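Shared chain: chain A. Partners: chain B in the first complex, chain C in the second.
Showing the complex of A and B:
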């Protein structure tokens, strides 16, 4: 087998090599200090406020800066475009801004940029795609050239976390002139890398910003150039990695990553991400499957699925089973007091029989990614007498089904936009919002209390009660956190972080 | 069987049925095609007896075991297991059921529609013929895969939707062939005789015309069955056909795509099964045509 595998890899490498030569792909990123990175989705816009895909977040963090920076290791907040900040009252944050920072087009950074950006994205009529990241902002005001105040609509203690993540700052004069469309055509930020070439839907090239300010918590970049290509097909990505056409790919499925370990010039790194997987169960009035209204059926579904084995066999290293619908490191996330459901098919069958479905039950399950995991769930459900039909869709189509009250079971995943606070995860699905298909008012009230209280202890307690109630009523099947597998050239030095954000400014060559 | 063939040369004049049988057996392609087809049909019918495991039974601890002829293979799973630890042999065997079911059902639906239209056009001619020709042209202007994709994407994929979509899209060849065949038969004496004897139109069409064009019908049906099976595989491969966990060959190929670099048997086994079935149907169909209407040979 060892020989077989080597032979296969060698064969693949040679065919891929030939195709690589034919298409004129340059080799070895180390010699020209360029990291070639492939990603399977293309952003609809390079402007971070006008796309909701991971690659958009990655580009956003390299080309732009945020007011605050969260250290991914210590989770400590550091000043980036701001140097200091303080809560003036429950709803007002004051920022002292950094002086001497310049945008890529030479525009100077000051309070006007912050005020313009935040007020622009907060206005619903500007139709920012990532509404949940900005809808908390009421307004931003200039105090003086390097001081601004941000007011939240309600008491919103997680504000700093959002300002340290998805809410980047645009140059006001440029943005006012060209708008989101112009920021997509020719993106301008203040970040450690600037965009030098962008072919929408195909590739984007980032080059090191030589004038990047020294005191930034993002250390000065060593890699001179990052070429990002959007390659939707996973097999093509793998062939490119095998033939050294790319230096880094991410989100590689476990089985394929395991196989690529055999290639001598590649390294495989895996790490947990903040993305959690869970199954929602529609209990709303008029839902297509009334069976899910029965708590016993919902509990049977949880008992039917062997989550630890799924984690071990198909999800992969770095993943862990979760018992509540949030990522464990998020502020307020806990499984303290939440009922744990073990893998117990006998009990599942018994519960189904008690609920009157002893002769079987048929359900639809909608899903949009990690299809093999959905199929494993279907297999487990089948073993206890639930026939689940897969409807595998694009995310937008699945969201429409869920929001249109046409879903039964859903296979959801949620990355919380890497925001390390429960307000970015559980309430999205349980606080009576569009994606909430259980709508328990008690749960929603507790979550809202958690979102809008100042006192950290009070927030934690409210979230704890809400999470326990969700578990007790079995409104969802909390599954596991997803790991991300990175396959990289062996001489690339990089680290995998839970926020699924490769940091090119930190990378170097061995 | 042996006795009959031995006694045949002594018989002064073999019966017409015997003559036909001999002509069939003289066609090697037909014999091979039908032979393979018969084996596949038997496998499909006897699936519960032959399949060593439940095709839906997953065991995540036993994933992607290679077939038995590999070092790590085991007789417990002669063709190995798939990415969810389901027995591959059982899935291939049950997959034959899906493919045959689709082939037969699609042919029945499209055959009924196409034959009815073709008969009407050929028998009545005139405006009816114009209308049917128009319908056929309209239908031929629609690319089957594209329409099927659109419909399935709109209302969701399932086995029966795939069958219905293909059934309603693939009647054109039936209509065209039946129309021209009916036109030929229509002008023959026995039809005129039946007409002058006062037989009803229904009786003439069903009793005189249809039996005489049936051989053409059978040939078209075999070709269309093969094409329907391939289309289903293509749709399932694109994720818009039969939905998991049903063991359709196209779906199995699609799911194995991610593994083709390192576990190529996952894609090769259902691929071979599919190729074999199509090959067998086409051989049988060709042989049938050669026997029934040798003049139709290209």
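Showing the complex of A and C:
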């Protein structure tokens, strides 16, 4: 089936070349200043707190606003619904709110909206799906009409980052009246686009909000209308792009994107994403492979893999090699002081021989996506005498194996929910949580120290030491960041960002 | 006849019940719903909370009996993913699938009957071979592959039809061909075999001897009789088309029951999967029952057997 699909894709691409030349192309989206965008998943709800898919985040950022905005280029925080903020103590953030902002239904924005939204989502009984985004909130209180205070349950320095990302603000009167179900049926926010038509599971249409406040860090939208369609099949999405049925698709596999580069009416743009790839090694007591408890074996595995070549040959443009298990732009992520392991198969063999595995070693590797990359890793390991058996699984099944202490090597990827702070990445796998399969108390303590302070320098130092220790002990193989490929109509002006959020408010037609 | 129908009806109910039980246990064995719902990065306690909230921590038999009891009372539960009643979701999507099923059936009959007749009238000639080749290709090509070939030709090269969606009649043309072509060969073979048998019958020879025109003999006298088994097969194939639309609906992003089934499998949305499987199996069983009854009505020998 895989071969057949590839054949069809090649056929689609070559047909695109011919048809693009012979018939010319109708730019329907350009003529009515509309962008037609296709995505493979449908959100379970349009309310950003009740879905955990990327398209939900994309819709959320266009229809709603957040208190703070993070500039995707400089990573600088700017005021959006808030104009200023400050830490009052280790657990209390105070916000001055913007005046004169209106929701799409005409409701005026003030402290009541922030207080109602944050208190609603913080209560577990309201069953917010994205618990990791809100479980840090203890409460929100109104100080006056345009001032609120947000208290965190524990010291939580990444609070501003979350309030600049997934935590949007709902209109309190409307939300109180209709609840999450009503927000899904008829979404109302304050963002640069409003929802004018929504058929769950099928499509959602956004139209420019003409009353959007001028001082927003999101610039005034140029595109009048965005039609988002949920098309599950990748080949269908490609066919739509080739036949100009849609103007933008994302997450296109590298080989397919490469084939579309030659189509005269399309452009292929690749950009780095925050999703990093790394191999975890299980060193726990009772783990199925005691060999991985030996530091020399772990170091041999890192030396065996040629990461720069993998990036160049199979991962693709936009990707870069990483030396620590975090995304480079995240606050606290650094490779300063971390041991760098070069590609050195001879050294890998020597280390294996010293550890008593000169005659070979057999391991299982569990993986759930980018199978071709796992297979390349297996090839590199075989070259130094490690026979790695691939167990390719669904994510949920792989996680059960990891948490059940049945994994040996794991091919992990992590997107940090686009949160630009190390607390959303490294600690998930090394701070003694459910997914930590090395459980080094020194590493866990340093990471917790970084997580539980609001003092930036102290945090950076703690994370730096933790990352250096992980590298020194070779607990994981940091591999690279993953790129994302976009295919768009040639005349669409747009930019790819690491948070994989297409910003329609910035796009325009040439 | 009534006794026969009641016996078949009882059997049909048992089949539906067995399918529901098998589907229920197989779906549960296919993976942990709580883990799937929690998504990437969920903590173990989040997963446990979800397991408890949705009652997934109880023994499977208890879950099945409760589900069956609720279903029998007309309560199909709530979708774990969309958080809306399953009945509303299914009713919303069913019309698209029924339209696609009927148009595909129409297409299949339109193609297979003339081809079958031609193949029988010119048996063992090149026309017969050509019809056979068309039938073999129809059955051998996976429908996702054929669907994409259609897209390549009609949407990309000719730009006549939209690639995907369900907003207008034009959106149904390619899905109809892709799905209909797959079932057409069965009809074609049946028509051909029936026609060959009928054409050698005495009454056809008599009709010819009377000097009736060939067209009248073939269409008026022979085809009518050759089509009897086709009527029964039509009911069964319609059931197949309704159930077999998962791939085609997914490829063409047609917002029907097949697409809903695909989504519910992706998201491990058990309540939806369960109802879709039950509904399709009941429809299939009912259509098969209809075919049996029609056959029995047309041919009394079946009733005795």
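Keep this in mind: the second predicted complex is superposed on the first by the 477 of 510 C-alpha atoms of A that agree within 3 Å, B and C clash if a C-alpha of one lies under 4 Å from a C-alpha of the other, contacts with A are read in each partner's own complex, and residues count from 1 in each chain.
Assume contacts are C-beta pairs under 8 Å (C-beta built on N, C-alpha and C of every residue); 3 or more make two chains touch, one makes a residue touch a chain.
Keep in mind the model is a prediction, meaning the values are calculated, not measured.
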item	value
Contacts of A:391 with chain B and chain C, given as first, second, both or neither	first
Contacts of A:399 with chain B and chain C, given as first, second, both or neither	second
First, second, both or neither for A:383, with chain B first and chain C second	first
Chain B or chain C, by number of chain A residues touched	C
Partner chain in contact with A:310 - chain B first, chain C second, else both or neither	first
Partner chain(s) touched by A:235 [first = chain B, second = chain C, both, neither]	both
Which superposed partner A:256 touches (first chain B, second chain C, both, neither)	first
First (chain B), second (chain C), both or neither touched by A:372	first
Interface residues of chain A shared between complexes with chain B and chain C	1, 5, 8, 12, 235
Residues of chain A that touch chain B when the two form their complex	1, 5, 8, 12, 234-235, 238, 253, 255-256, 259, 306, 309-310, 312-314, 371-372, 375-376, 378-380, 382-383, 389-392
Residue ranges of chain C touching chain A (in the complex, touch as defined)	31-32, 35-36, 39-44, 46, 49, 53, 81-84, 142, 144-145, 148-149, 151-152, 155-157, 159, 162-166, 250-253, 255, 259-260, 262-263, 266-268
Touch list for chain A against partner chain C, complex	1, 4-5, 8, 11-12, 15-16, 18-19, 23, 41-42, 44-45, 50, 52, 124, 127, 129, 131-132, 181, 199-202, 229-233, 235-236, 239-240, 242-243, 245, 394-397, 399-400, 403, 414-415, 417, 428, 433-434
List of chain B residues in touch with chain A within their complex	56-58, 60-61, 63-64, 70-72, 83-84, 86, 156, 158, 239, 243-245, 255, 257-262
